[in-house]
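Each of the next two complexes has chain A plus one more chain, namely chain B in the first and chain C in the second.
Here is the complex of A and B:
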């Protein structure tokens, strides 16, 4: 893992619950949800900014984050893994204690 | 925002963009053809099948493939020069993986060729993350109740490919014969081998 990655594998995280007026790669169904980091994927320009044609997109770590279907949909026994930029995530202290 | 995959609308928009690029002297049609050819050259599910057959017959390669998919497939000459990362996810007796792109249609094109139209459909993209077991059953893949399913939704620069389970009774087959068994849908996770 590269230096400066905020969320090591196994970290409980929560996604932001935002609804920006521009392109984002945080799908609606995964907003404000609890998940667990699988692994860092490498750094990439934040698509929310680069998709606006701006040259000043921050470069952030992207993480594979695993969600339980029950936490996303209220039902189901499968998991969904999404690739999420670091700024979509915050540490989930409550989730870590569960 | 990125949900519209109506072929007619997209095709119209693409034609209009091509015309504008040429009119404004940004890009010639010939140069555009070269770029498209370069990205599609050799893109075929036969590539993914070769990777799978090698993983089934070479345990060290399999370990490297699961640890760092991009580096491992480059050993076989695939994904040279690609900025994308490949992550290979392995099916076992108790786990099954399936890939999707709910936001648009991200797909490991170089290893699987152009994506099938159902992969880009609203129905597949919206349903497989919510009820994968039902969707897979509609593809004819009935998984045991105890099988854990993981759906990989490609929302950034990683492309996913499934490493299917090697079928029983194939101990005598060589790498080429094994590769011939691997279908595109098995590499997406909507079929078994």
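Here is the complex of A and C:
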């Protein structure tokens, strides 16, 4: 699978919902939330693993993912775009059907 | 529970101060902390993500009471002990 192919632009995704006991780049307000992939942003070492001082941090695709403010906070007409590593995301079949 | 640094979307902290501050440092020690961090990273003692993790791991009360560079210094001390560069308590007193 080529870089950025797993979640092409427009793919509905959902973020993970656990609370890692280490540094992560997925903020609390965006956990377990539905968003849409804007575009791939290139590959980068997974910060969550390198933050633990481990030398085996995988290099993953990072995606710009757009969230509607009302999906994050229940209100607001704007959007929030976050750069998120691939392993933070799963395809959101339900969201895709909406 | 998320960590104390993770306050995005939380109300009550007021507006973000975006004033263009001409002075990068407000005390000499702050500049020294920046130099110290650069030197330690260049030596490969720890990486940037470990540094961020150490800041985020501060006890919430201490984190909120500390200034920006005080957090940096606290994290550097934590990592130097964790990596065995200094002994626990070596910087005390």
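Everything below uses one rule, namely that the second predicted complex is superposed on the first by the 94 of 98 C-alpha atoms of A that agree within 3 Å, B and C clash if a C-alpha of one lies under 4 Å from a C-alpha of the other, contacts with A are read in each partner's own complex, and residues count from 1 in each chain.
The rule is simple: contacts are C-beta pairs under 8 Å (C-beta built on N, C-alpha and C of every residue); 3 or more make two chains touch, one makes a residue touch a chain.
Computed from a prediction, not measured in an experiment: that's the story for all the values here.
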(request) Superpose on chain A as described above, then tell me if chain B and chain C fit or clash. (result) clash
(message) After the superposition on A, what does A:73 contact: first (chain B), second (chain C), both or neither?
(response) both
(message) Per the contact definition in the header, classify A:19: touching chain B only (first), chain C only (second), both, or neither.
(response) second
(request) Could you look at A:29 and tell me whether it touches chain B, chain C, both or neither (first, second, both, neither)? (result) both
(message) Looking only at contacts as defined up top, I'd like to know whether chain B or chain C touches more of chain A.
(response) B
(request) Examine A:87 and indicate which partner it touches, taking first as chain B and second as chain C; both and neither are also allowed. (result) neither
(request) Check the residue A:50 against both partner chains and state whether it touches chain B (first), chain C (second), both, or neither. (result) second
(request) Could you list which residues of chain A make contact with chain B in one structure and with chain C in the other? (result) 23, 27, 29, 47, 72-73
(message) For a test of understanding, state which residues of chain C touch chain A in their complex under the given definition.
(response) 1-2, 6, 8-9, 46-47, 49-50, 52-53, 56
(message) Show me the residue ranges of chain A that touch chain B in the complex, using the header's touch definition.
(response) 23, 25-27, 29, 41-42, 44, 47, 62, 64, 66, 69, 72-73, 76-85
(request) Spell out the residues on chain B that touch chain A in their complex, using ranges where they run on. (result) 1-2, 85, 87, 102-103, 129-133, 148-158
(message) Going by the contact rule set out above, which residues of chain A touch chain C in the complex?
(response) 19, 22-23, 27-29, 47-48, 50-53, 72-73
